[in-house]
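All chains are identified by letter, namely A, B, C and D, in their written order; residue positions are counted from 1 within each chain.
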Amino acid sequence: MTVDLAVGIGGLRLANPVMPASGTFAEGLDKAVDFDRLGAFVTKTITRELRTGNPLPRVVERPGGLINSIGIPSKGVPYFLAHTLPYYGRFRPPLVVSISAPTAEGFASLAAELTRPGIAAIEANISCPNIEEDGKAFAMRAASTEAVVRQLRAATSLPLWVKLTPNTGDLPEVARAAEAAGADALVVANTILAMAIDLQTFRPSLGSVMGGLSGPAVKPIVLRQVFQCAQAVDIPVIGCGGISTAEDAIEYLLAGASAVQVGTATFVQPAAMTTIIDGIGRFCEKRDIARVADLIGAVVTEEADQPDLAWVAPAE
Amino acid sequence: MTVDLAVGIGGLRLANPVMPASGTFAEGLDKAVDFDRLGAFVTKTITRELRTGNPLPRVVERPGGLINSIGIPSKGVPYFLAHTLPYYGRFRPPLVVSISAPTAEGFASLAAELTRPGIAAIEANISCPNIEEDGKAFAMRAASTEAVVRQLRAATSLPLWVKLTPNTGDLPEVARAAEAAGADALVVANTILAMAIDLQTFRPSLGSVMGGLSGPAVKPIVLRQVFQCAQAVDIPVIGCGGISTAEDAIEYLLAGASAVQVGTATFVQPAAMTTIIDGIGRFCEKRDIARVADLIGAVVTEEADQPDLAWVAPAE
Amino acid sequence: MATAKDSFFIAAADDARPPRDWTETVVAERGEVLLNQAVNAEYRHLVVRCGPVAAKAVAGQFFQLLCPHPEGEQPFLRRPMSLYGVDPAKSEVEFLYKVTGAGTRGLALIAPGDRLDIMGPLGKGFDLDPGLRHIVAVGRGAGLATLAPLAKAARANGTRVTAIFSARRPDLLVSVDLFRGHGAEVITVTDSQGTSGPAHVERILRGLIADGRAEAFFTCGSSRLMRVQQRLAREFAIAGQVAMEQQMACGLGLCFCCVRDFHVGGEIVHRRVCWDGPVFDLMEALP
Amino acid sequence: MATAKDSFFIAAADDARPPRDWTETVVAERGEVLLNQAVNAEYRHLVVRCGPVAAKAVAGQFFQLLCPHPEGEQPFLRRPMSLYGVDPAKSEVEFLYKVTGAGTRGLALIAPGDRLDIMGPLGKGFDLDPGLRHIVAVGRGAGLATLAPLAKAARANGTRVTAIFSARRPDLLVSVDLFRGHGAEVITVTDSQGTSGPAHVERILRGLIADGRAEAFFTCGSSRLMRVQQRLAREFAIAGQVAMEQQMACGLGLCFCCVRDFHVGGEIVHRRVCWDGPVFDLMEALP
């Protein structure tokens, strides 16, 4: 049996559901992975302005994951257009460009500038502070999400993916707001705000005090968020958080993800993405599942009992 | 050097800063731990009505933690007063009773009924659905937190601890609301809503679909939340999330916790709490720290660089 | 900051009280592994050196083992295993386990000389009335492990044991010699020989009852066979005890994840298998 | 639900294009450990059997090792280690490491015959001009590990090497014999003998320059000594290369956690040590 691995993300067809997570992928991985095997490329978030990124140390490891505060070192748009864009043009997978800006207008104008051949979709990383409001990330609230996505939608004809933050308590509302404003897909989610303190020095382990947790430790949390978002919206959800194995990816597909992004796992096993693609194929084959798309949202909850979530915050 | 391990929680003096987390402690632990060594007792959350708890399976393990949906099996108040209260009266540590109710008034009347000798403090577990609003947990929002804490404050003269949920995106606001309404201390935090799916059956691994993640995996996240809350309020914060070792506990104290609660670690090492107490003492001794209270909030952040949290949701 | 109110204290704890006379009755200790070997295609026999507290374990009690991590897997919780044998003089406890998942895969990796963190003894064991003359023990699968120390204890009381062992195939029967060594008579029934069905076992049990050799039932490991015994126990007013299993986390009655339904005084109630059991009255158990 | 829009597709990927001719140049593979033993109180020598890709490693490159977990610790990321030796014929790579924390504690536990997941070769190695006749290699601590394969490669080019080795105490000097075996002249300086200070090393270097034995500097492991060489390099217009370290996560230029400041064309710029280095132009490096 040959398994059909293809999935569709809001009109964009991917040869398989596995792609890198923004900020954990760059040209160098080509040494270890055949890029033509990936479902898509997703760039590190770029900004219009030049940035150097955060102070060091930028990474600290914890059991089952890492906290990072890389920030967004960015060489700006001209560099991106001159170097990065043509580089990825050589390969088959579609190129998704992750963007960020401090204002809704900044997002929109960057998206407009990037609406050009060779770019298959825009991923708007709206987990960044909105300097026009109180500095809270756009994705923390439904209203600010809706506002920025609406401007983005007006600015580009490209498929628009919106990457949400796991740090909000209103995820389903935020997801619905992004959908209502015209997002073609949601990426759930960015890293979870976290902290570590060095017991030798009594200082935070990261140069910027707090950072984002990623890796296996966050998987059960983000899986729940993907499940909630997939229930809340009709557009595809792309799962991202702690995926290291094919089993992790399949859990996300079952929970409702139409595709997955792999980040931190690549740091530990550079070939993680292709290993996952192979594993998903084998899983489907063994179970006589003809299309990987049949796994999407296939979790069986109908007969599950009603929860008594008396001391756990409920779904919404 | 003898290290002074005592800490104060809003007027209540604890012989040391280590106590159990609600729902992970009961009479049975007396077989493995000398109860008189604990900083305090914290009971499983009780409710007025009789409850059986959630459907099985109630627990699923993940790397570095477990997801549970025990719910609150409760034998009700008369049983508690007749059996549990006298049982703990035999020991030295103060007894903190965790309570829950579906309405603010229910919380208040339960607190009033429990305001009696032998109970040293009330811990209000407000991470439970508020059936008068949209079913969201009280602790998800500042307004509902303030409302329930205000009624509780009016109902009891006992020290009032308020246990917050880590699932909100507004934690500092919620913390400030609890303080403003009269809380004597905050417990940060309950479990993080999570999910797991069984790849054999395609069913959720828990009978109630979602559950709460606890254990080492959540530590970096909850540590960050304790840091944020301790910055936001003047009342003591009790840290709770993934503490397994003395080092974990000290990290929480440095981040601003005045005491810590230990939950899941006890399931793996029943003597975890006393091991942690001993370890904190040794740490202070080695570093010539005379009072464990000197560790509280001692993290050094003044010289830390300003973060460029462009793709991580900022502190608030 | 957080310490604003610390200046005056209400002394809620009465530190002046004299220390209680407390000793631990459950320990988690890193015992030396003395043996860890396969006894057949499914089961492995594990012997661990332990301290005096663990060596007080009795039949029907269990331990929670902290299993090493096999490559690529991270069992987080301990795994419950019934006491299969105990020698207080030599300070040794024994287990019989089947490799079924990550935890037991990790267990299988341990070599003699390694240390294994065992926590116990846990739960309520069998209540063995020394006045009994003839009892029947019915076990299947790992249930045999649980019944083995019962056979030994019965012998010490002068109680005779007839054991009915059920397994999928004859080569998967374990502990037959051990039971015979404890003076028990062993009757084996297997799926492959078509002898393990409830009807056939019921015939055997009726025979034992008729012979006066079934003053009490002790069972573990098969709810089908438990139901047969419940029926007979009701019919002939025979007492019985059953050791139950349930997924566990704490093993000490703290977490309430291991509850099962029991039928007590006309009502269905929840009991914690780790704390109220694992041994329960036969008539109260529900499959 | 999520698949609502899947009915029509824009084929963004040109699946018809012929497959590229791609081969991996970095692998993560589980190589057999052939040796893992202490060479002195601080350093251990590790030899791992590898495949053909890893065996192409050159001096100055590094590998990322996936360290086993020591009891109670869980190093999550790989640990970077310089190539200390490589034998393409035997398919072996060698490392020299110091136990400093959880990862290297885990490494120290591996026994010959065990498997270790090594990933590499990574980074930009030394650029060794075959026209050079005399070079100087200055190393301290683990820096000596990095320079060892350079000495071997230099010899293959017919380039003569004078190596200055710095350490806290004479007994902590490693690889002296290895370097001599590669035909290098070795000068040792130590803190305990008071010979390792920058002033003394500068005198030695000035001597080598005067003798025409310093056509290029290669250095690793000491920023104090690097600064001395930078000064002399500027004064005498001598080329130089330095291998730098920085905490790493991915090792492949993906994550930007390993950046350092470099001085390039009058500007301070960030460079990724794992990708743009670890070997950099001596004059661009900042301590």
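Methods note: contacts are C-beta pairs under 8 Å (C-beta built on N, C-alpha and C of every residue); 3 or more make two chains touch, one makes a residue touch a chain.
What you see is a predicted model; the values in this text were computed from it and never measured.
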item	value
Minimum number of chain-to-chain touching steps separating subunit C from subunit D	3
Distance from subunit C to subunit B - Cα centre to Cα centre, in angstrom	34
Whole-Å gap between the CA centroids of subunit A and subunit C	47
Overlap residues in subunit B, where contacts from two or more other chains coincide	23, 53, 62-65
Overall pattern in which the protein chains touch one another (line/ring/star/complete/other)	line
Pairs of chains, among all present, that meet the touch criterion	A-B, A-D, B-C
Touching residues on subunit B, where the partner in the complex is subunit C	7-8, 10-15, 23-29, 31-36, 44, 52-53, 56-59, 61-66, 68, 70, 73, 91-94, 120, 184, 215, 230-231, 233-237, 256-258, 266-271, 293, 296-297
Touching residues on subunit D, where the partner in the complex is subunit A	1-6, 8-15, 17, 19-20, 22, 24-28, 66, 74-78, 119, 247, 249-257, 259, 270, 275
List of subunit A residues in touch with subunit B within their complex	23, 45, 47, 51, 53-55, 62-65, 67, 69, 71-72, 100, 125, 127-129, 134-137, 139-141, 165, 167-170, 190-197, 199, 201-204, 207-213, 216-221, 223-224, 227, 247, 250-251, 254-255, 283, 298-301, 304-316
